[in-house]
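Note that chain A is present in both complexes that follow, paired respectively with chain B and with chain C.
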Partner chain A sequence: MAKVLIPTPLRQYVDKKDVVEASGASVAEVLTGVVTAHPSLKKQIYSDEGKLRSFVNVYVNDEDIRYLDKEKTAVTDADTLSIVPSIAGGR
Partner chain B sequence: MIDISSTPWQTMVAHAEATYPNECCGVMLGSIDGDSKSVTIATPLENVSAGSQTARYQLRPEDLLHADREARRLKLDLIGIYHSHPDCDAYFSETDLKNSCPWYSFVVLSVQNGKFHHANSWLPNAEQTASEKEELIWPKS
Partner chain C sequence: MPLSQEEILRYSRHLIMPEVGMEGQLKLKAASVLLVGTGGLGAPLAMYLTAAGIGRIGLVDFDVVDHTNLHRQVIHGTKDVGKPKIDSAIETMHDINPNVVIDRHEVALTSENALEIIKNYDIVVDGTDNFPTRYLVNDACVLLGKPNVYGSIFRFEGQATVFAYEGGPCYRCLYAEPPPPGLVPSCAEGGVLGILPGVIGLIQATETVKLILGIGEPLKGRLLLYDALNMKFRELKLRRNPECPICGEHSTIKELIDYQEFCGIPQKQEEVPVTGDITVTEVKAKLDRKDDFTFVDVREPHEWQICRIEGTTLIPMNDVPKRLGELDQDAEIVVHCKMGGRSAKVVDFLKANGYPKARNMVGGILEWSAKIDPSVPKY
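Now for the complex of A and B:
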């Protein structure tokens, strides 16, 4: 199973774990596995329309999936996924 | 409540003043116990906003990824993000809100005429439609 690193503020939704594992051949499948096992996490990373929230980036190892095949990016059991927010702002 | 220790606070203020009149940005690492957050490390990051940075900042996602990895290595938590508001108050602007993330504390440092003036911490909601002020404690001396 692939590993998914959980940011500190989201660990409350995954039994306080800092890393969870889920099966799947793609980013979408792995993340679906994670939110199925931990339903309260879903609202944090997916919109009501079922899309990843605008501020959510996903990395497979060191690669941003926006520059790969987005949520269809292939994943193996050796891969580690990271959830990383987009953050900007200004006065 | 978010309590920032002396060393990270000095790092944040020095970064905000050195970057003036541009906005600075960085991350805060530390530990979390319920609603109580303690910041022990502040790491300045590059503002990668295109164009003028006097009123805009943007973090590179890869830098956040590396900050999270560093926090894990140190057995700490990535607690929040800081940035500066040159020559205006430490409010959470519409731009801040629309480009925020509800998972972290957002500390805003007001820098006026090149010197630190005051700061506030904010907690945006998941819909990025409102933010709540969080009690912020920093060394006053």
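Now for the complex of A and C:
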């Protein structure tokens, strides 16, 4: 199972966990596993058309999947995925 | 301009390090830095950059110090509550180091003034708290070719990087678009650990000083993530997006745009009450008349511990779907939260799920405190 690191703003949708695990051979499969187990996360990271939202980036280890094979990027159990949404706080 | 005797003594711990030395200290003195925002990130930034001897620092802020700022905005003190932040910040900075020239920009940064203000500085540091200004700062920096030292914070987590520096990626390369309004909570809604902006602000200050001195490895092309709870720093690769609309090969943005519109924020004009809204005064009258209605508080349990309105039932927003059974579909339901945002979403949800008589108490418990019962603490 690949590890998926969950950022603070999204932890409320995954029972307050900071890391979840899901199996799958690609980014799409792992993320589908995560949102199946935690349905309320789905609309936070996917648009109604089922595409990853543009203010949510996904990384496999330290590489942005947009510069790999996007959601088809291969994933092994040794990989760590990170979901990194845009945050704006500063004051 | 050579250093005075007082400055030599003041900067002595810099001067004795060969990486800074007299040459570096003079570079700091010759440098100009614009700080956008003197809040959580801006406070430690302004204080340390002033102490370090940056020659000229510009401040952009038009806000006023209030009590809720004090747990993190260490440049302002209790005596400053009610004062313009820019005045309070300048007072502290002047006390730290009177050699620094400070420019006041007591305005909101807008598409009309941003280029005019930013062009006079070597480096811009983004310590703002909202998406429109962040995209505005980014675009202005890209258009003017100024490095943008970026930091942002949320609850226990922070991000930092240097954008638009020597061919490196910009904010739009990282996030092409902002989230729709309301989806990502602000610090006012989501809270922030008071110490957190100190850590992120000082990472920004460190990068600023490094850029000026030209030493070390700048935080360019790398997004630093900080997780205070687990005390972990992680680094992600940040690449320049060849299709970036502003810094890409075929850029389409050649001038500043309307950032409120870009971020989907409706222009202010709709003060007209929306169907389903109810004012605090009307709710108070209903309570006094002992009308039969259900009064629901959709805040979180930890907020309920801070204060509550008597007669309310606590059902946190995210629990509403699974606790629908507790609500009577025929009953009149008044929903409130802290400021009215969450309760509006809940009312929409209730109406869509067979509760036509659900109403949103506009302004939430803060409005209740302001207009009905001042003994309810504001937070």
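The rule we apply is simple: the second predicted complex is superposed on the first by the 85 of 91 C-alpha atoms of A that agree within 3 Å, B and C clash if a C-alpha of one lies under 4 Å from a C-alpha of the other, contacts with A are read in each partner's own complex, and residues count from 1 in each chain.
The working rule: a contact is a pair of C-beta atoms (placed from the backbone, for glycine too) under 8 Å apart; a residue touches a chain by one contact, two chains touch by 3 or more.
Everything numeric here is computed off the predicted structure, so don't read it as measured data.
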Touching A:Met1, do we find chain B (first), chain C (second), both, or neither?
-> neither
Mind working out whether A:Ala37 is in touch with chain B, chain C, both or neither, as first, second, both or neither?
-> neither
For A:Ala74, select first, second, both or neither according to whether it touches chain B, chain C, the two together, or no partner.
-> neither
When the two structures are overlaid on chain A, which partner does A:Ala25 contact: first (chain B), second (chain C), both, or neither?
-> neither
Chain B and chain C footprints on chain A meet at residues 7-9, 18, 44, 53, 55, 57, 59, 62, 64, 82, 84-91
Touch list for chain A against partner chain B, complex | 5, 7-10, 18, 43-44, 53, 55, 57, 59, 62, 64, 82, 84-91
Touching chain A in the complex: which residues of chain B?
-> 23, 32, 49, 55-59, 61-62, 64-65, 68, 71-72, 77-79, 81, 83, 85-86, 88, 91, 93, 95-97, 99-104, 106, 126, 128
Within their complex, state which residues of chain C touch chain A.
-> 37, 39-42, 63, 69, 73, 126-131, 134, 151-157, 159, 174-179, 183-187, 190, 192, 197, 223, 225, 227, 229-230, 234-239, 241, 318
Inside the complex, what are the residues of chain A that reach chain C?
-> 7-9, 12, 18, 40, 44, 53-55, 57, 59, 62-64, 66-67, 82, 84-91
